[in-house]
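This is the structure, below, for whatever I ask next.
Labels A, B, C and D are assigned to the chains in the order they are written; within every chain, residues are numbered from 1.
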Amino acid sequence: MNAAIRAVVRQADALGHEAWGIYRGYQGLLEGDLSPLPSRACANILQRGGTILQTARCPDFYNPALRATAADNLRAAGIEALVVIGGDGSFRAAEVFQREQGVACAGIPGTIDNDLPGTERTLGFDTALNTAVEAIDRIRDTASSHGRLFLVEVMGRSSGMLAVHTALACGAEAVLYPESPDDSYENLVSRLNANWLRGKRSSIVVVAEGDIVGRAMAVGERLKRDHDLDLRVVVLGHIQRGGSPSAMDRIWGSRWGCEAVRRLDRGERGFYLGEVAGALVAQPLSRILEAQPLPPGDLGALISVLAR
Amino acid sequence: MNAAIRAVVRQADALGHEAWGIYRGYQGLLEGDLSPLPSRACANILQRGGTILQTARCPDFYNPALRATAADNLRAAGIEALVVIGGDGSFRAAEVFQREQGVACAGIPGTIDNDLPGTERTLGFDTALNTAVEAIDRIRDTASSHGRLFLVEVMGRSSGMLAVHTALACGAEAVLYPESPDDSYENLVSRLNANWLRGKRSSIVVVAEGDIVGRAMAVGERLKRDHDLDLRVVVLGHIQRGGSPSAMDRIWGSRWGCEAVRRLDRGERGFYLGEVAGALVAQPLSRILEAQPLPPGDLGALISVLAR
Amino acid sequence: MNAAIRAVVRQADALGHEAWGIYRGYQGLLEGDLSPLPSRACANILQRGGTILQTARCPDFYNPALRATAADNLRAAGIEALVVIGGDGSFRAAEVFQREQGVACAGIPGTIDNDLPGTERTLGFDTALNTAVEAIDRIRDTASSHGRLFLVEVMGRSSGMLAVHTALACGAEAVLYPESPDDSYENLVSRLNANWLRGKRSSIVVVAEGDIVGRAMAVGERLKRDHDLDLRVVVLGHIQRGGSPSAMDRIWGSRWGCEAVRRLDRGERGFYLGEVAGALVAQPLSRILEAQPLPPGDLGALISVLAR
Amino acid sequence: MNAAIRAVVRQADALGHEAWGIYRGYQGLLEGDLSPLPSRACANILQRGGTILQTARCPDFYNPALRATAADNLRAAGIEALVVIGGDGSFRAAEVFQREQGVACAGIPGTIDNDLPGTERTLGFDTALNTAVEAIDRIRDTASSHGRLFLVEVMGRSSGMLAVHTALACGAEAVLYPESPDDSYENLVSRLNANWLRGKRSSIVVVAEGDIVGRAMAVGERLKRDHDLDLRVVVLGHIQRGGSPSAMDRIWGSRWGCEAVRRLDRGERGFYLGEVAGALVAQPLSRILEAQPLPPGDLGALISVLAR
């Protein structure tokens, strides 16, 4: 996200605006925890994971009275527009905030889950994907050396995007994810049996957490009980977050940060940015209320072909 | 490239074909250095850089008589179709080979330069980009600690694609690349002066090799002579090649490998695969003879905004 | 371990011996799963994690009759000496095997736990340490961004070596490990309170698994219950294993592999190698039966100084 | 170096002293560019390459009058002791400075060259070694794929330490370094011929810069001219510096930083720290004037055994 913050600050500077940073998201907005963010404060942040502005959950933002306070805080500081970097929940809040309080808002997709409608990319996804793949490459060394089955749980909330991409990129033998027609325990067993017949003695199965953190452990317990398998479960968890961002995440963070400020400078408001068909696009924030995230498409089907 | 090789082999296997590997490209084809490549030989290659089939330049393939020998070698082995992974030169050779010898050919874009017409992605580009960015992140540590200017030369032949993406992702202060209207020594000097006035004492300038390997050294010599600057030149060179491929390179290698075999299996021939507007597409191999590679677009313009 | 295998093979070759590989450890020895391992088979394995010879647990080796079979398998193949790469259990088995069956044995310390008596280093420790530190660097990005406490469980069986080194290298606020006088829940609580008073809102606590995999989860549950903290637990687990070995692991694997063969070639037997006071040393295998592993020393005490 | 800075600051704080940071080394000391460095300023610096205090060459420090100014600057700020992190030159300057101006000085070895007398380790060496090895692992992918010879130049000034360790860890076929009896062009040619006869078609040769940056290029030119080899030269250069430090560099930086402050607090002065036989030791700064750096020992001899 630091790439997007840097781009917002420096594009604002280039257009003659002053950028402020709001700390800990909507929570800092409510508390008035905001201050000018000069261009030099963004030196050497591009390569750092996390966000220099920190982040926090903010249930209080559901309270209209407190949202009014937040708007007052912005006006008191002379701030005319808000760039929100986040996911589904952050965009919904921005949509309400602009509609209700009249503050111009722009959204930049930032979530490792890549589960936003209207964009094929979100900041953090490519980095998390590469991190998960590197971790599983290491696990595969052990799987191969020991002739063992590993179930690896990856993040993604209710989306299988991260799981399917990870599975394809690390050469997993199978993947379980919510959107899949084959997302069942029985299907997994028959897949593993087929591989076993072909002589494979080591296997990686990627399991999307699918709204239930720890799902891989439940699957693992059942497999051990039913089939007496020597298997291990690894929950990647927070290891997928953070870390120096990938080149593409930095590039799109930079592009979106600049574009958000340019559009706000031209008087546009209530939009969020995305990538559709390879191009940078803007869409109304209200779209987030009705549209569905993209499914992982037919990548899942490749995995059974490639795991021969 | 190993991701594509693995996908070709396993998709062929899934469709009931036998896959053979040809070693050292067209050179091995001429010499008859080819053998069956079973599915198991592709285990654990997905995460490895380079290619298990090796590669070589083959000037002899310009000789029509030797191309006839190559076709004979294929027919003798009962091989009906050829999947070529490579760049512009490899595709031109495949186009001639199919036209002249009647061997069905399919192309998969494989070059770190990302300089092929008709595709926004080539295998190896994303990996090389991330490798270059990591190297420059390290160089920036020294640049910051010493308050020094670094000129870093990246690969790309006559294309600025890799240079511009690298520069944007590593927060370079300037980039020199062939397609740029600002690709001049004078322009670079004025950019550096502007940064100096703003108080920046450390700078990274990315220089595309631009058909002249060592170009960064020439620029560096001139800057030292004219402006008495304490600068260093780093030529990334072959450090950008090799290494475990990025997730996206593995995914697209897998997708293209499967797709090439499916199309050949359906009787298609003389095509090469690519990514256009985010989608997997196929185009006639002959297109490579006439079309121009994509320019890096407006990414270059962002760099001066972001280097404030 | 591949560095050691390569060194054994090539040093044997240089001294005019033929090296054989035994697959899956003692299990392969029992089953006669062994074959000549030529020098070329060790090309390009130095940089790979895991072991090309695979590994397995082998409870059958406790059976003297089966150990006799194993010795017969070696003699049938004309093998005169055995190099065992492993930890405490593997060395005990080698000691019995040589004493009982008269097969010359040499040991090379290979375990990520660094818990062998008589050596300050074991193969895999430095790699696992760097891997754990990289993972926690990423977790710290999230901890800082969210102002959150993370408990991170690292491997090490009953030894705190890996935990203490990891904690010191990643700047953890506290570490729990078996050999520590402060290894208690109460102590951890008072340390966290002290940091909280100093204004630290994000913390990393490293927890040695300490013979109880999942210990960090139990500690986390108790902390949440007693203190209503917003904390997360990460179990690094198998992510610490595998991966391309660090330079020092490769160097010591190479040194020990050569030295083991040189000593066997000179007629020595029943020894294992190690590093003591920076030097390569050999000790009787029988020492493993009586001596205790080294404690992590006073590194743990530094952590509270540095976490200010 | 940031690990050592953090440890100095926090150990000083724990002992009731106030730590100040001096920017750009002796240059900042001359100019009075120094300020208090609070404990919190050292948060999250452990994982960062370079140094937050920056660095610079300072020829002016050879001038006794200016050294007196430097001492005045320290006294004016109420600073009683100086911790110098650096190499041979920095320690010589500290020795003169203490002897002449009476300022208590302590040295912490910080140079990637590992060429200081009286210590087997210097901060940055392990990190630079791992970085060089990773880069050469990538180059080997290309060397293997193309069947090509690569000459790779690594840093190290007049010491072969980094070159020999790198060569051993990356499985190089040969290494040229100043302390070697075989450090000759003729020897290299005969080594390469021997490998060629054994059928090796790809080779990595590591060349220590040996006081002549660009030495590998000269060797490469000569090899090409004399033997018509298809070879490539890569100068790793500044790519070896910077980057997130290895675990062991962080641990020793932390240990030395704490120890330096503890000894100064006890009234010791004029010493520098090191690692000898695995233990942390202190020696008089004056030793740097007379003793010789350690040679790389017999590691070089292993390389020809292992490159079979």
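To be clear about the criterion, a contact is a pair of C-beta atoms (placed from the backbone, for glycine too) under 8 Å apart; a residue touches a chain by one contact, two chains touch by 3 or more.
Just so it is clear, the structure is predicted and the values come from calculations on it, not from any experiment.
Q: In terms of touching chains, how many steps apart are chain B and chain C, taking the shortest path?
A: Tracing touching chains, the least step count from chain B to chain C comes to 2.
Q: Can you list every chain that touches chain C and also touches chain D?
A: Common contact partners of chain C and chain D, which must touch each of the two, are absent.
Q: Which chain has its C-alpha centroid farthest away from the centroid of chain C?
A: B
Q: If you average the CA atoms of chain A and of chain D, how many Å lie between those two points?
A: Taking the average C-alpha coordinate of chain A and of chain D, the gap between them is 39 Å.
Q: In whole angstrom, how far does the Cα centroid of chain A sit from the Cα centroid of chain B?
A: Going by mean C-alpha positions, chain A sits 28 Å from chain B.
Q: Need the CA-centroid distance for the pair chain B / chain D, whole Å please.
A: Once rounded, the distance between the two centres reads 35 Å.
Q: Listing for chain A: what residues touch at least two other chains?
A: Residues 134, 137, 140, 144 of chain A touch two or more partner chains.
Q: Which label fits the chain touch graph of this model best, line, ring, star, complete or other?
A: Graph shape here is a ring: one loop, exactly two partners per chain.
Q: Which of the chains are touching one another, listed as pairs?
A: A-B, A-C, B-D, C-D
Q: Using the touch rule from the top, collect the residues of chain A that touch chain B in their complex.
A: Chain A residues touching chain B: 6-7, 10-11, 13-14, 39-40, 44, 46-47, 120, 126, 129-130, 133-134, 137, 140, 144, 165-166, 168-171, 199, 244, 246-248, 250-251, 254-255, 258, 275-279, 299, 302, 305-308.
Q: Which chain C residues qualify as touching chain A in the complex?
A: On the chain C side, the touching residues are 24, 48-51, 54-56, 131, 135, 137-142, 144-147, 150, 232, 234-239, 241-243.
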